[in-house]
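Each chain gets a letter, A, B, C and D, in the order it is written, and its residues are counted from 1.
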């Protein structure tokens, strides 16, 4: 690895996720943002549509993706809707790909078709993709062509559940995931449901019939448990911008205690720069990670014997999206994993 | 029933719950607010400490409870902390009692002692108390001396679970209650944890080791199920003033479907003025009930076979507290159940 | 006045203002909501688009305005955008009209054309309209055919300034109005600027080049001052649903004090059911009036000699819109002015 | 200047301001946080009282100020209440001092006594202090012993007004400053007025009788105008954590236009790293600067001829407090002014 700078293009830079990636990448010492893609807002500057970029260093003008010389990039970062993402990225030959859409997360094109309402746009590429939950993909990312960044809900759920399932401390059934997310998870599209007056001073669950993050969660949990796992999963929209909290009830494997499960998680994460098991008894809270790539976790004994409660908190836009993408990019390129992600949480 | 007016004293009128009861009662056509109790704020007017009372009709000055002629009242409404409540109320002889504290909710003085850190202050009164979940206590309240109003979390949980348990459609195990509450549930005491800057833009669970609303929930669920029921229960603090939502996962009784469970709930509640099962597929949201005594419920099939998801939303200060208290008062006195509670939800 | 019920049609019932009017009117003892107009949402029930109507008494299905028999109504209430409003309402012959749009507020069709980007759709009707700031239009409304309800900003500004100008205590120059409004003032249209994530945790001014409520304010101030008044007016969007606060700095007339100005306001409003000058030194706050038709005001000496600060707070959707409309309707029909508006503020 | 690291002690690290300074300083490449002072919370770790520090690099345990070897520091940063601050800091002999309290802001001990309710605790030190509005103190800070960091309101007001007054484009009278602040400005003390339920969904002005930031603003404006300036100043509390916006109406000097005033501000700030005049017509918003040391400004023509409107937005905790303190520290020590402050705004 030399000290050279890597050229990056970000497609879909006009959304919350894209803009948050640009926020982080623009301060990364080894990246040059060499292209910014957007459709409806092509021709504008980032600071026209995101005035908080006004004080920052100059960035390329937004262009339609097809006008950017993507082959001249070292890395292309896709912050596009599913479907559109695979379509554009499948035309790229040289650069490494960091994809934040759902298109390369599911290993099975059939499952994709079931959940995303149509055939996969580029099934031939699926074998080239690594599911990029950074802490569990560290050894495969350096050689991967595509990092498929997990959804925000799966990120928190998998960090909470994988160590216990891998260590056979959690039974692979009766897993119930209650998820609470800030509104930025829904993107910047102007929809009535996301208006301030609809969201503020209110809370409600959604996606009760089946949320698209479910198959992803089940795919990874099943692999860890070496058994088919089906989960209850109910996301809720709560009145805040950033942050995601999951409270997960699990059945412990026979003879196991919440205390042991917590110990296994402490062991698994003790050297992780971004994943932290809190001191015993301290409840994770989203304010502990706001604006940062950190995740905080903890385990509690449930009142029902034989069960435990795991709680995980992340910033849905950072560890749940743009930050994990940058972490994956660092891992892919052999850069220090924390580069550009050192900034601490912002509280209050 | 004559058309006479009933005299009411409200003890603890300087808290959120007390003030919300006064807000409702002051517009009730058959009640006269004849005494307002408060300690630290005695000598002040309600409008001094609650400026939104300024535009309303005059109210008595706040007094120490012991200076109010409680025996001259028809009803005494206690909005006091547990312990203090039973102590004061046990000295009253004539008036009917509506208690919003936890003191008369548990039928067992031993369970009370386990959860509330000391012996019950007035165990002899426990047999005189009816657990006042209005919709399930309607026949016992008219003759009761004490209505023990349920906690806010139990109110939503029990409305959601009782019909299914009574009809043997829900298995009396593996019940997992995730509860989300606005901040007013924590009262008006000046604590760091309830400061705006701690709560806004954030979410966290609390009471993971055991919340005091648990024994109450289990007492009533066990009675309905005719079997000991233990529940997982995790409350979360979310950044809003009013509102409470519970998402509850249950195991269906063998051979039962979510659809049948929903049907049983529709049947049970179809004549209720304040409890509404929403149209199929519509998720309850707190904004549907804000500021009102209404509860909205619905049932959904879970992705895990044999399980269902029940969602309930109330305003924690109204149906979860002051409104249900007034509903109970109406039932006790033989007044129309909805009197003083007709006002619709306030949205946005 | 007999005890008969009056038939009302509400046009534009699918917006925040329309729905808030229906919320109030549906509990008014002398009104029958006999028609509900909406375009894009015609064919739906109010409760489909406003789930908080689910618990309330049944309402007519939403229809296109042209399919409602408007001539069969006693009153037609227009909650439509400007332009569209005058166009529809000008076709009505029999019923009285309560208009919440800007179309009948300005007495001069030329001023209208300057500010609203085109000729007035029905200039011949302007002489039939009374500017419906209820407290100052009480004697003219009973005989008026059209009540032109003031904008939310003008309502607060005029309640704050009219008594002082009429009593020659305020100089008719150097009036600076800083206005803060909750987001519902912007309506329910799905615009990026009103998304939760854009509005929460943020504040900004808007309309700095000239807001359409200015000419209305200046028209009424000039009439009161018997001199042309031009104002500085800067509205700000703040992260809350309901509420509007105006902080107004004025130059006192020579020899006058803030104390005297406050006295004049106390005198003017002491018998008003909905307008309240707070005790000396108490700052108006929107939480004092949330969800109600009340306005709270106060006057303070400024640090700059010869100047005073007037503060006014209302709920922008109620006294600033739907509530004042109902108050005007009561006045028009000879009903008690407070009928249907008795409900107190909701705090917290 | 060598490349050595400077030792810093932060007194009052348990408040919002202190913690925010530690957040920034802990990532500053040339600072070592060698002491953290706190009283009530002495003996705890920062991460005990500020869980968002858990993921960050270890920090000294909190100690009473008197137990820290302050003389061993290069710089002592005071984040203490006024009065207490001067008392402790006046005992220090060697280290440079960055004070965030009000104690060294006013050049006149008499004015201090008038506004802060008692004699100044260390009047002899006043001549050693430089009023640290960084952009206007750059040449005096390198040799100063004490940097008195401005209050948050004065920071925004002075950035907005100084260029125009210095260039004689603004008349030194009739300046009206309306200020809107997030709640963190009130500190972390547990007071009823700062509870979530009191602040959320609400807005109100405060300090109408005279806010302690007034004399500071007037001192600096008078110096710039070379004439005594008295201002109208009304702060408002709005429901957000961070951010401060001021909308200021001014009288232009004879013959001057808002356009010219804007030009003078563009010229004055064009090389500033942290102060930005926005493109013509763009209204400053707090979301543009959240979490950063940036300030955004703009000027608009008022509807009243001869007047202009200046708008300024900052993050009250950063540019209004901890960030400006670090900027001053950099200037004092001859470090690059932006060191440790490069992080961009966080939006949403």
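Methods note: a contact is a pair of C-beta atoms (placed from the backbone, for glycine too) under 8 Å apart; a residue touches a chain by one contact, two chains touch by 3 or more.
Protein names from UniProt, one per chain: A, B, C, D = N-acetyl-gamma-glutamyl-phosphate reductase.
Since this is a predicted model, take the numbers as computed values, not measurements.
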item	value
Result of counting contacting C-beta pairs for A-B and B-C, higher pair	A-B
Centre-to-centre distance between chain C and chain B (centres being mean Cα positions), rounded to whole Å	36
Separation of chain B from chain D, taking each centre as the mean of its C-alpha atoms, in whole Å	46
Cα-centroid distance, chain A relative to chain B, in whole angstrom	39
For chain D, residues contacting two or more additional chains	16, 184, 197-198, 200-201, 239-242, 285, 287, 290, 348
Overall pattern in which the protein chains touch one another (line/ring/star/complete/other)	complete
Footprint of chain C on chain D - complex, ascending	173-174, 176, 178, 180, 182, 197-198, 200-206, 208-210, 214, 230-234, 236, 238-243, 245, 247, 249, 281, 283-287, 290, 300, 302-305, 307, 309, 311, 313, 348
Residues on chain D engaged by chain B in the complex (per definition of touch)	16, 183-184, 188, 190-192, 194-201, 239-241
Touching residues (chain side chain B, partner chain C) in the complex	16, 19, 23, 26-27, 50-56, 184, 200-201, 241-242, 274, 276, 278, 282, 285, 287-292, 294, 296, 317, 342-348
